[in-house]
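These notes open a run of structures that come right after.
In what follows, subunit A forms one complex with subunit B and a second complex with subunit C.
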Partner chain A sequence: MTTRRQLLGTGAALLAAPGIARAQETPGVTATEIRIGNTMPYSGPASAYGSIGRSHQAFFRMINDQGGIAGRKINFITYDDGYSPPKTVEQVRRLVEQDKVALLFNTLGTPTNSAIVRYVNQRKVPHLFVSTGADKWGNYQDTPWTIGWQPSYRTEAQIYAKHMLATRPDARLGLLYQNDDFGKDYVAGVRDVLGPRFDSVVKAVSHEVTDPTIDSQVVTLQGSGADVLLTATTPKFAAQTIRKVFDVGWRSAIHYLTNVSISVGTVMDPAGPEKGVGIITSAYLKDPTDAGWNADPGMNEWRAFMQKYIPDGDMKDGSYPFAYGVAQTMLQVLKQCDMDLSRERMMKEVANIRDFVPATLIPGIKVATSPTNFHPIRQMQLQKWTGTTWERFGGVLEGTSI
Partner chain B sequence: MNGLAHQIVAGIATGGIYAAVALAIVMIYQATHHVNFAQGEMATLSTFIAWSMINAGMPYWVAFFATVAVSFAIGVAIERLLMRPVQNAPELTHVGVFIGLLLIIGNATGWIFGYTTKSFPSPFHSDKPLAGGLISAHELGSTVVTLAVLLLVWAFFRFTRLGLAMRAAAYNPRSARLVGIRVGWMLALGWGLAAAIGAVAGMMVAPIVFLDPTMMLGILLYAFAGALLGGIDNPMGAVIGGFVVGVLENLAGAYVVGTELKLTVALAIIIGVLVVRPSGLFGRVVYSRV
Partner chain C sequence: MTRMDESLGPSGAAGGSRAWRATLLTLGIFAAVAPAFLLESFQLFQLTMAVIMALAVLGLNIVTGYNGQISLGHGAFFAVGAYVTAILMSHFDWSFWATLPVAALVCAAVGYGVGFPALRLGGLYLALTTFSLAVAVPQILKHKALEDWTGGVQGLFLVKPDPPFGLAVTPDQWMYLSVVAVAALCFWGTWNLVHSRIGRALMAIRDNPTAAQAMGMDISALKTKTFAASAMVTGIAGALSAVAIEFVAPDSFTFGVSITLFVGMVVGGVASILGSLFGGLFVLFVPNIAEAISKAAPGVIYGVILILFLFLLPGGFAGLLRQIAARLTRRRP
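Up next, the complex of A and B:
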């Protein structure tokens, strides 16, 4: 039990000896352990993503069983933030100031990470491989301690726009986007590719998350004469869009759909699986339900991990292969640090990943960073909805460099 | 011109949703002279109850009427257990209880049923697209259901002694009590009926917007605008108001203010009506002597 007097005493001691604060070693790195901090929505509306946090706990347990890294065991501390930004701030301060973690890893959510990005950059705490697709985590100039991992929404939009120009050069694009950071990244990505032609080629219409339906927007886009549609919205609205596009008889369009909203259970089935046939989206991870990976060595490695460390985990949940891939990347960075676990060295190695291939990425897709590239994954493969499943086609495509 | 017609038809279809929810809001206002902020959440919970029954293998219409009955009971229970102890408390206390209800019911729904989007079946089907695919069989069917509920509500208040007693209890509780009306039970009945109408609205809305715990959040605001526009004490007005808001919202979004300000249109309607004509288009102006 810590008494107030003890606290006062410690405080006084710290004040008396300022030298302690700038000791040589990194906070959270001792002779025997590396402390890694994380926040996850284990409760609340986004709690489905909690499986990512559970996977990380299991992954680091596996690493410790294998002897740890750099002679140390990993102490993975993960807290629930309920996907609520104020809670994230509270938990991250607790991780940094009380638990004294060496780094933050894979904190989940765009609004939640937005709430802490200033704080961690001021404190110069590595904020690594955040679990969100927003493009802004690649901004190495303003937030040099923060980096994303998955292909950003903007990269994804660039890939769709490039594919559209290749298959239908004189296309007219209707763009339906959710009016927030997520949706606007798609507008930016399409603009990257089309440049000055954007205004003559694209009709962009937004919707708010509070809108009950997007019927009016679909009618507007159809009326604009667009023959290609890009839908950049969250699952409920994506399902509504697929159904409405079908119901108004808008069949000529190529329909690109953000890979945020391709869940069979929450989008394709509610919309009516037959209504979405031909929809194109993209992927960078091996889908655990895709029979094509049954004999894949990478996926076998992942399945062995699941069997041993998360035996009750849902093998169809795409969050697990995602978590496995990003945790492997984290491990790769710690390996590259080569015993020097200072925060500066960690960031140097974060910006020095050369074509690393996690087990769960689609073959041909690599993790690569440099001091001027904080977008670790920039490649994806397209896939098409057949009425029952997503079928990959074509080679691996890359976003444009901006 | 074709686009304009399409926007209007799509607006009427969406307006049908607002009309159904607006009707539930008017119902509770008629009975208690309060606007229940938790109306949307209660309707969503009812819809989830129906969803569970249908998933358990019950035929649609059995589940439909069972849900209406269960919702009625929940409404009565809420009045008896939660509203009754604070019935003489100031307005602000009621608002507090309503907001508390909204949070409790909303989060409980998410906790029990999860936050993922679910599809909800529709009893109305059509083989060929109606009006060029702009209106679905379900949207047409649910509009008919809304109008049928409207007719029932109107007839109930207009022709039955119970309806008259409920109106009396809401307008003048003291006099009503003196002529032998059991005011407390009339209020409970009002809550029950409002919850039942909300359940119908929820079950009609869910096939269109898909079912999740936040389904009613956006809808409720538009429904408020519709109810106010038509007159908060007039069921017919509320339904017309709901349709008008649906069409206005689409036209303004597509041609005037842009999609970013669609929600603002609803808020502007609310404020405009309150400033210019607080009783709404069809509402009765009530004078009270002070």
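Up next, the complex of A and C:
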């Protein structure tokens, strides 16, 4: 009897051994847990985004309550970087070298991620679904361990340009952009679609973040004979633009507005809600304040999560549906890894997401990646300002492949 | 604010035998070098950053602590130092060591320039003027005219120097040792400065400008030169930070840096060289402690710790050391 038991025991041990051995090769993956690292601005100028980090903590607690993933619990370690790049470097080194996380997930901010992107790629640490709209996170050739998630500003601009060509083929476009990497991504996106015709179709004018007003830029664009306007600027200037365009009596055929600046409270109301009627922007997430989603199964799933795990969270804060969607994508990648949690396998699965549909994305929009596509979300739906709210219209549009 | 306990000539009290000094020096060097081989690379990186912050606080201490000119804008010098090194390294492939003197000189020149308006503005007005400098610098770095050099919002990447002569240390260890060496040099220089004739003049100007002038001190020359020396030390710290972080961007140098340095100076001890070292450790490590206590409001916890600290140690860390030293010397005879 004892021999048989020993035999069985040895056999079981032998069977289990490869799994354990492989698991131990990856830092942060043990037989019982997966460590995931994250940095967030819980303090400092961007602390409003801290709710994304709080949502992730709650999300992974929910997953652990449901039994974890691949037989392991998720240990989500998140640190405050105050939106300061040097602090991000410090915290990410702490995560990678001291806490020995298996991967970094949804670290927030363009300057902060810029500061760590080379470090994580040298160390070959998966740097997944970063929380920024810059286009450069899709550069799989130079930074193969880094990937974004949300549609980049460049994708958004491509969608506007395509819509413009479809509705007004002979339009002349006035492009007002903020002179930084955010604004320049829009110029690049329009150029992607128009190609050689860019110079003859587009009149592009920039402004500095430090400029007091954009009045002269608006007048220049009106004078150029443009009949379509694309405004790619931050909320304060967006409000000024809407007001100025209306006040100088410029009734452009279409006015596209970056979805960075569509807040009712900080843009549309200050500009005068009636002055912006007809402005077109885009969305990829279900807006929690949109009554159209009251009976939506995905949003009900999200609301149930909020009620149970973040009962004091602000249900109007769009950061929560964002966080829920990106965390679901992370979970999908871990599921696809199928017990093999090596960093190489993780990246293989990161580049192998096939039409995954998170609960909080607008129907029709899918998360899809491939070894040559590190832009997980490339689709958006347009929406129009009615004077009181944003109203979605038309089907889901897709950016161009570059 | 300007009442200082530190005696003008501590050499009398500390003047032990030469052997005693040599032992202290050896111990000090050992304590500074040992972490390079005892700590893990991440902790070593943190300590490197703490030493860099300490050096930046020391710079501020020269002008504010010893000379009584309140500056809330030293983050600007920190940024200038960092950018000089970053630009020379990434655009001109200079070696890190070659950029240090240039960064120091540029910061000294900028500091000298800032020193002139400082002559006419006293106290709070000077604080506000320097603060506006700190607010302006990140925006200037983004400006179109400088963008080709500074990299604009994207910032600049640079690479940590490799250890020379095939030395068997990691780049992190080498970085730490380099930073400690540079910082030690600056601390030693500052020590000599404040304990010299000029140092006594600086403190005399701080404590009683009229009397100082009556004794024949050239107040305006001394004040502007102090500003230059102070900016130079903080600028060197900035240059070191650029290499340690391997990245500079305007968002790294918001006005928050200036406030951080000011906090470090007050917590460490105004007009104290050793206190600057403690101030550097405080501003780097205490925010982490605050965050470990609460992620919901790390700023509040940091504030509470800061208030408690100032309440319990009104003279800063250096004040505590002075109290202890005073007690020990009282008992000795």
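FYI, the second predicted complex is superposed on the first by the 377 of 402 C-alpha atoms of A that agree within 3 Å, B and C clash if a C-alpha of one lies under 4 Å from a C-alpha of the other, contacts with A are read in each partner's own complex, and residues count from 1 in each chain.
Operating definition for what follows: a residue touches a chain if its C-beta (ideal position, glycine included) is under 8 Å from a C-beta of that chain, and two chains touch if they have at least 3 such contacts.
Just so it is clear, the structure is predicted and the values come from calculations on it, not from any experiment.
Clashing of subunit B with subunit C is the outcome of superposition onto subunit A.
In the superposed pair of complexes, A:Thr78 makes contact with subunit C only, with no contact to subunit B. In the superposition on chain A, contact of A:Gln217 is made with subunit B only, not with subunit C. Judged by the touch definition given at the top, the superposed model places A:Gly265 against subunit B, while subunit C stays out of reach.
By the touch criterion stated above, A:Glu208 is placed in contact with subunit B and with subunit C alike.
Looking at the shared chain after the overlay, A:Ala115 reaches subunit C, while subunit B stays out of its contact range. Judged by the touch definition given at the top, the superposed model places A:Val248 against subunit B, while subunit C stays out of reach. When the two structures are aligned on the shared chain, A:Gln240 is found in touch with subunit B, with no touch to subunit C. In the superposition on chain A, contact is made by A:Asn179 with both subunit B and subunit C. Within subunit A, the residues touching subunit B in one complex and subunit C in the other are 44-45, 47, 179, 208-210.
Listing the residues of subunit B that touch subunit A in their complex gives 2-3, 6-7, 10-11, 13-14, 17, 110, 115-119, 129, 132-134, 136, 205, 208-210, 212-214, 217-219, 221-222, 249-250, 253-254, 259-260, 262-263. Those residues of subunit A that touch subunit C in the shared complex are 42-45, 47, 50, 53-54, 78-80, 82-87, 89-90, 93-94, 96-98, 110-112, 114-115, 118-119, 179-182, 208-210.
Partner subunit B is touched in their complex by these residues of subunit A: 44-48, 179, 205-213, 215-217, 219-220, 223, 235-236, 239-240, 247-249, 265-267, 269-270. Residues 40-43, 45-46, 49, 139, 142-144, 152-155, 157, 241, 245-247, 249-252, 254, 256, 287, 291, 295-299, 302 of subunit C touch subunit A in their complex.
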